[in-house]
Amino acid sequence: MTRLARIAASAPVPVFAAIGPGRQAETERLLARPGLRRADTARDAAILLVAGDLPEAAAPALARLHDQLPRPRVTLRWQGEGADETETALTGAWRELCAGGPDEEDRLPDAPTNAWRGVGPHGQGGEGMMGGTPYGRPMAMTGADIRDGLQLDRYSATLGPFAPMLPPGMVLDLTLQGDVICEAAVAEPPFAQPAEADAPALCAARLLRLLGLEKAARRVIGGRRPGALWITGAVPPGLGRIGGADLRARLAAWLADRPVTVPAFDLPALLAGAEWCEAMLILASLPPSELIRAARRDAAA
Amino acid sequence: MTDPVTDLVLLLLTGFAVWTGWRVFRVDSMVRASFSLMLSFIAVGAIGLLLSAPYIGIATVFMMAVEMMVMAIFMVMFMMNPAGLNPMMMVHQHGVSIAAGLAAFLGLGAAILLSAPPSDPVPPQAPVVAQLGHELLGPSMLIFETAGVTLLATMVGAVILSSRQGRHGAADEGSRPPGLTAGGAPAGRTPGEEGGPGHHHHHGGHG
Amino acid sequence: MTGLLVLAVLATLLAGTCFAVLLDRAQPALVAEFFRSRVETEAPDRLNRDLAPAWYLALAAIGLSVVPFAPGLALIDSPAGIVIWGSCEALIVVTVFLHGWAPNAPFPLIGAYRYAALALPVMLPSMFVLIAAALPAQSLSLIAIVDSQREIWNVIRQPLGLPLFLVVALALTLRGPMDYADGADIATGTSAEESGAARATWYLARAAMLVSVSALAATVFLGGPLGPLLPGPVWLWLKTAALMALTAWLGHHVARPPPGRMLTLLWIALLPLSFLHLAISGVLAL
């Protein structure tokens, strides 16, 4: 390996985790180890770690996710081995990639999801000045704003099963105006996770990552104090209030290593009108078991 | 006399300002149009630097960057085609606008060429910023201070008028003040009874 | 002398960027990132996407050029030095917005306008704090501001100035509590659809901006090149390095509130505080 490749190989391994049913706790603990880094976006990762057995319905999404990783990339499946073995496998794969090792081809053809070539009067898929699907993207049209009585553009999207800021397996149909969620509907509930995923350290770490405190999240998973400033103060009071306890109270309980239970709640009502960061914080502040129950209720409805 | 390098730089900046100004109307994207306008103003600010008005020139760049940034955000918020992915026609009333532009150009050009603008160069060590400060807070204080306070009042008024949070409730629910006696009829005019000068129907966003 | 100053600015930027990368302990990851391939999104704005890191670097260089390396010596010796820095701040907001708008993707765009919504108000305390520092110097020129600190540094006679300016520094370098452009909740925002050399260059541009904003803070609040025994540039480098370390530490150890809360804090707490700071400094300077 050249000298530069050796320096690159000593970097924390950028892993994007596609977490399957039952593997959330183990994967989060594994990726909190020094030497491994959990990528916040697929474009930042080199290794796709597929943990557990994913259902068939998630296979096309996994193929799309795989193609989003920039090349050279490698996929590692974690079926049931120990965490230490997987860590060694990840580090070894990263070293091979840095040394110019094997690469993986795209799984899907590079074709747009909406056909646009030749459609419309100018051939770019649009209609007139403001309509149609130019270059394959549906043009955002105005819609009533839910807060201020304005008429802002509405953007509708489906946020897929492996979004890094959502619970693993959750598919949300969202309509956004700017970064405010107007409507949220659960298309697929998150994958089932065991009780270990509700551990206070893991729940606190999820929130700390969303608050921008990556190192503090690792320390908390490792059992130490977060070592960061203004953690509970940064969360607005009264956010995500369910049955008397708001997000701040739940975060404080998890940081004090106490488990949290929440009564039944309506997930779309909790998310509607929330700004994106607040909505992601709300989702991360719910213990996974309760969130899965609420999402299943909403998806069935 | 003027130095040929300064003349050349002035010509280039002028050309750039005019070209980016023209691009504002030729790009299909409203965001790109905002930033082309910003580039045009930056060129004008640079000309201000050449004219020994460093504060005015740099402050023009500062203000225009902020203003065009806000305009770009408004384009993304409200315009349904901010990226210009569909071709757009952004000019209305072609004939009138061409005539108005020509008239303005000829008028301003005549004003500049036929009048006698001062041509004495500023001495190199003149404290231009201090002199500008003395002017703003001396002879021109009334104009600038009233303009500043008026602008501030306008901004605050616009925000309050457009806010949903009315004084007695949500503005789009027709907030009404409480009654003069406890439980009595709300005081003041009831909304929706008088039509006003004429209803303006909102025609949603034009290109 | 101009040539020497150009060299000094470039050398400071280069060395400072390396120091910033070391502060983040990001050297191996940076090297690794350069080896990865670039990804393309559909119908991006190629010009802005490719040039945004270059503009960011250029703004860092311009910001550093107004800083005096020795008492009386700056590459750009303008009587309105502070306003040049202000225009750099405004153009940084534009650059980060364009960086997020260019890929034609939702998360980068959210990062872009979220950042603009927060960085524009952050510029207000920045300007008030810099104007307050210009009052004892009776000039907007940074060389005069350095001269006015010969008896006492501005960090002592105007104590609120440096903390407020550190908030601005975090916002301009997209770090920690003010990193709304590249936050984890929007999948690294404006960098969500970039990889390879583009991603690495954006990170390097942010590191260069850290050098620039710390050098300015060192000049305006810590006396810049003033100090006994050692030559001027060495003092400037030492003070810049200390502020860079402090800003990087704050970036890694302070939580980032949701944008709504940070906006409220800016308008309700930080802006009135900077007004108060300006008023007190004005009274003291009279």
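Note that the chains take the letters A, B and C in the order they are written out, and that residue 1 is the start of every chain.
We take it that contacts are C-beta pairs under 8 Å (C-beta built on N, C-alpha and C of every residue); 3 or more make two chains touch, one makes a residue touch a chain.
Just so it is clear, the structure is predicted and the values come from calculations on it, not from any experiment.
Undergrad: Need the most distant chain from subunit B, centre defined as the mean of C-alpha atoms.
TA: Max centre-to-centre separation from subunit B belongs to A.
Undergrad: Can you tell me which chain is nearest the middle of the complex, judged by mean CA position?
TA: Answer by centroid distance: C.
Undergrad: Can you work out the whole-Å distance between the CA centroids of subunit A and subunit B?
TA: Those two chain centres are 41 Å apart.
Undergrad: Measuring centre to centre with CA averages, how many angstrom lie between subunit B and subunit C?
TA: 27
Undergrad: For subunit A and subunit C, let me know how many angstrom lie between their CA-based centres, rounded off.
TA: 30
Undergrad: Which residue numbers or ranges of subunit A touch two or more of the other chains?
TA: As it turns out, subunit A has residues touching two or more other chains at 134-135, 137, 178.
Undergrad: At which residue positions does subunit C touch at least two other chains?
TA: 43, 104, 113
Undergrad: So which stretches of subunit B touch two or more other chains?
TA: 76, 85
Undergrad: Of all residues in subunit B, which touch subunit A in the complex?
TA: Within the complex, subunit B contacts subunit A at residues 76-81, 85-89, 162-164, 171-172, 202, 204-205, 207.
Undergrad: For the complex, give me every residue of subunit A touching subunit B.
TA: Residues 122, 124, 126-132, 134-135, 137, 139-142, 147-153, 178.
Undergrad: Which residues, counting only subunit C, touch subunit B once they are in their complex?
TA: Where subunit C meets subunit B, its residues are 43, 45, 78-80, 83-84, 86-87, 90-91, 93-94, 97-98, 101, 104, 109, 113, 116-117, 120, 123, 139-140.
Undergrad: In their complex, what parts of subunit B are in touch with subunit C?
TA: 31-32, 35, 38, 54-55, 58-59, 61-63, 65-66, 68-70, 72-73, 76, 83, 85, 127-130
Undergrad: Within their complex, state which residues of subunit C touch subunit A.
TA: Those residues of subunit C that touch subunit A are 27-29, 31-32, 35-39, 42-43, 104, 106-107, 110, 113-114, 176-177, 179, 183-188, 191-196, 199, 252-261.
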